[in-house]
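Two complexes are shown next, each including subunit A; its partner changes from subunit B in the first to subunit C in the second.
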Partner chain A sequence: MAETPTKPKFKLPSVAELKEGQIWKSIFRHKLDETPRNRSLAVLSNVFLHLHPAKINRDAVRYNYTWGMGGITFYLFLVLTITGVLLMFYYHPSKGQAYRDIMYIMHDVPFGNFTRNMHRWAAHSMIITTWLHMFRVFLTGSYKPPREFNWNIGVLLLLFTMLLSFTGYLLPDDQLGFWAVTVGTNMARATPVLGSEGPFGPQMGITAFNDVRFALLGGSIVDANALLRAYIWHCVAIPIIASVLMIVHFWRIRKDGAISGPAPVMIEQDLSGPVAKKA
Partner chain B sequence: MDWHQLMIITTAPDNVPIVIMLFLMPFYTWYGLKQSFANDRLIEKLEADPELAKTHHRKTQPWVKGWDSTVHVWPYLLKIEFLAAIIVTLILVVWSIFLDAPLEEPANPNLTMNPSKAPWYFLGLQEMLVYFDPWIAGVVLPGIILGGLMAIPYIDVNPRGNGYYTYKQRKFSIWMFFIGFLVLWLVLIVVGTFIRGPGWMWFWPGETWDHHRIVHELNRNLHEFFGIKDSEVLKAAGFGATVVGAYFAVGGFACDRLFRKFAPEMVKKQNVAQYATTIALTVMMFGLPIKMLLRLGFTVKYVMVTPWFNI
Partner chain C sequence: MADEKNPDPNRPAMPKPPMPAMPTPPAAAGMPKPPTPAAPGMPPPPPAPAMPAAPAGGMPKPPAAPAAPAAPAAATPAPAAPKPAPAAPAAPANPVNPAALKPQPPKSGVSAEPVKVEDPAVLSRRRDFVWHGVAGMLTLGAVAFGRFFFPRSLFEPRTSFTIGYPSDYGFGVDTKFQSTQRIWVCRNSQGLFVILAVCTHLGCTPDWLSTEGLFKCPCHGSVYDSEGKNFAGPAPMPMRRCDVRLDASGRIVVDTLKLYEVGKFNDGGPAGGAYLAV
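After this line comes the complex of A and B, so read on.
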């Protein structure tokens, strides 16, 4: 029986064949076999992963040194960005509407309550992990040269993390947020020289209508303008500032020679004699 | 005893994080100190045996000759980061399913909340309002805390302990940080969260919040203890300025003596600006517990009263 020549049938390519194809190669610039070269390329040729160096101190991957706190803080920031954007789809920063939107998110939006809860608990967690991260950096002396500047970036991140939480507190426009923000911004009134009730404020011609508190609230009371300002600080301005600071923070970690340790311990003899250089 | 009140505070959804933190902070303090002491023992061993120090890898982590000192980020670090992300996500998912974020009544400027508390992480600042006027508690002290934190790398001249846990080599800086962070900052938060009730009054755990409790204003300004009346403005201001000045002078002098005795190397290495900053920050930090003691123990209101501001 003679075979009749037919057109080759379409056959799904195997994974191995796919990896040789144009599409795969256009995405992944390296092979996957476990060679040191590929392991390095996996990190270096990926825009997100190249935040990392290709290789690091073997003991720095242990949990006990960094406690993973900086990384977890950053991860929580990402969670907050995602859940925050989802919440923004349903939220109007206007008096009256804001509170109704929160009710709507809680009761009607699919997974709305879950998203809101996650945003809230991730925010609280981020405060805790930032403090713990600072605590670890202190205990390992990682602010010492050459990392002084990065510690300072960190202090600013600490400030902005707390300001993010504070500005978010007002957004549900409920009693809790209203009074917390009232108490908080009343303190601004007492700013020396720039507050209407602060030392030397009145003497400088500062009133309730031109002091720092007025600038924060966009008025002399916590009302519609304050809600809008809190919203813009919370959803736009501070996230941008914090992101820029994080970019600098991460960049500096690399430029300061990666994570500080675990470094070989120093002994008193090193301070007088030549420092013994070892692993 | 009414433990119900404490229960209400502790289980308020927004307070769950601080309850968690009350466990995390001691744990991580222990965890860090444990590694510090391990390194301290290694340091002692190496200092006693300089020959060993020349060949030792100088870490408490295991080390075998021939091991690379570095590892690839992929997979050794990334797999851990991935795992951490999964664990954190799981915790958040479970937490978000079982605990709802609170929502109070709509904002109402005519209905004051009592007590009206900031979120727990700001309660340290709010508690400071008891002891200082808002311009100090809300503006100056936070500024000094941030400025002081930023100054740390520039005033800590000790080259030891850069990149490893140690207690022995950094006793002074570790004590200062523990007092400032673990004691002052966290204790103020705990007091603000668990102790303060309506009218920001002191209610011990187990006491019921009494919304009608009346306190007689017993607090007096310091100059009144010395027979100067509030109406004698100039005399009172002069007295207060002298006391505040004396506190800084005596405190500065005491710090100087103590530093010279207990941290002689720091004193020798620091330049004038570094030394002055260290002393100023120390004196101001201890000003807080001293003012707390004066207020809570001796019913002192202000130590310095002027027509423009009070301290």
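After this line comes the complex of A and C, so read on.
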């Protein structure tokens, strides 16, 4: 009304003022003081940071204890997810088109070759780091109780990492990938019971048209169906499965004494099975 | 009732403990059904102080004042032992003034009618039924999921086709159908036969090297002679041969699904077999 002329001019709020405002306070629930309590709160109240423990053993950050291989493997998985999604914007999983798309990505798409090479090198590296991680876990005896369950989750993750690698092999639809998948799926013929040339396979009525290789390829030859199946397994199904397993894996690390930590103290009557006796 | 909830009300083996002492017929009136044990580790309450109506036990709320007003209507014959149930160690000893507490009716017990408490055996059967249903659905889903990966119809090249007349082929190896049908048409003094161009090691397509007169597999180095017999590399046996026959017009019909392994290369004749005598 009449007071409009007397209204103060709009002024950008300072950071200090912002911090007093409702928006800031709705996002950040506490101050960021340099106190142990506040530093813990910063971790605990953040969905991303809370994946990390608020406090860890001093030894857990020593590289010569863990080589950081598990973390690097997870980091590479993130790199692969991001670059993989980027590559999917240009890739059609159909015969003929697939190889052209790879050429297109490599030679024409801006940063396409860079993205593809990042994906490729991260994939190779992830296989290596997964093995090294496993090797370290073996050397430090971290597969022993109470961590034996997590070791098994890790073995499954290794399997799915290699399946990701294998399914990604076919996607360029080049000679290398085509024959690699030909060889790999021919090995599946020799699967016991489920393979048409494996032990007890023919006796169970398994032929080349209903065996495990057939299910992998979606047909009896490495063709369009195989390419599409490799694509779906590679880009959707296995990443989801592996992510679920990773959630369990990381959770169990925390619950089983954390990185480089001693086994957690458990009350015997809360435990069942061999762990109780071990303790 | 609430007091003597057994630790696991689902276990049918545990019979309902008899109501000890205190014959208060409408005891259960207005009571919510026995709460699921809030503190599983809690030892079973001693049977003595069967508080008939006071909602003590493992109720999450502090016991609503032992005084009579806590129990509405039907619980009027409340015994004169209104001390809080000693069997409720989990209940915080809230210094709530009993008088300050409204005579708040139990949550579900608005009406004074007794709430029927199911027999644990019945509950167990019911739960088993549900779980069996869930398991059945999951099993059906798993079977369907598995079956889903085996398509009924395939859109693959024909496995039986004609390749022209026998007179089209001279002695030696003809590779003109290698890329389209994955076969080689061969002819020697014995007759005409068709080799399936699949390495017997792991299924790659060997190359025909006409200058050397050999098939060599690029994948793992298996070597075959001009009749497909393996002699070097990891291949375990000679390459297989396709069924060949002549149709009514005299053309050669090849079937790549009907294969002959080594030892059966002399099978057959014009009506179909591993070779055509031409």
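Assume the second predicted complex is superposed on the first by the 252 of 279 C-alpha atoms of A that agree within 3 Å, B and C clash if a C-alpha of one lies under 4 Å from a C-alpha of the other, contacts with A are read in each partner's own complex, and residues count from 1 in each chain.
Heads up, the rule we're going with is that a residue touches a chain if its C-beta (ideal position, glycine included) is under 8 Å from a C-beta of that chain, and two chains touch if they have at least 3 such contacts.
Just so it is clear, the structure is predicted and the values come from calculations on it, not from any experiment.
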item: Between subunit B and subunit C, more extensive residue contact with subunit A; value: B
item: First, second, both or neither for A:Tyr99, with subunit B first and subunit C second; value: first
item: Partner chain(s) touched by A:Ala263 [first = subunit B, second = subunit C, both, neither]; value: first
item: First, second, both or neither for A:Leu49, with subunit B first and subunit C second; value: first
item: Which of subunit B and subunit C A:Asn186 touches, first, second, both or neither; value: both
item: A:Asn210 touches, of subunit B and subunit C: first, second, both or neither?; value: second
item: Partner chain in contact with A:Ile238 - subunit B first, subunit C second, else both or neither; value: neither
item: Touching partner for A:Asn225 - first (subunit B), second (subunit C), both, neither; value: second
item: On subunit A, positions contacted by subunit B and by subunit C; value: 179, 182-183, 186-187, 221
item: Contact footprint of subunit B on subunit A as seen in their complex; value: 36, 39-40, 42-43, 49, 52-64, 67-68, 71-72, 75-76, 79, 99, 102-103, 106, 113-114, 116-122, 124-125, 127-128, 132, 135-136, 138-145, 147-148, 151-152, 155, 158-159, 162, 165-166, 169, 172-180, 182-184, 186-192, 195, 197-200, 203, 221-222, 260-269, 271, 276, 278-279
item: Residues of subunit C touching subunit A in the complex; value: 149-151, 154-157, 202-204, 218-219
item: Subunit B residues touching subunit A - in the complex, by the definition given at the top; value: 14, 16-17, 20-21, 24-25, 28-29, 31-32, 35-36, 39, 42-43, 46-47, 50, 53-54, 56-59, 61, 63, 67-78, 80-81, 84-85, 88-89, 92-93, 95-97, 99-109, 111-113, 116-119, 121-122, 125-126, 129, 133-135, 137-140, 146, 149-150, 152-154, 156, 158-166, 169-170, 174, 177, 181, 308-309
item: For the subunit A and subunit C complex, residues of the former touching the latter; value: 179, 182-183, 186-187, 210, 214-215, 218-221, 223-225
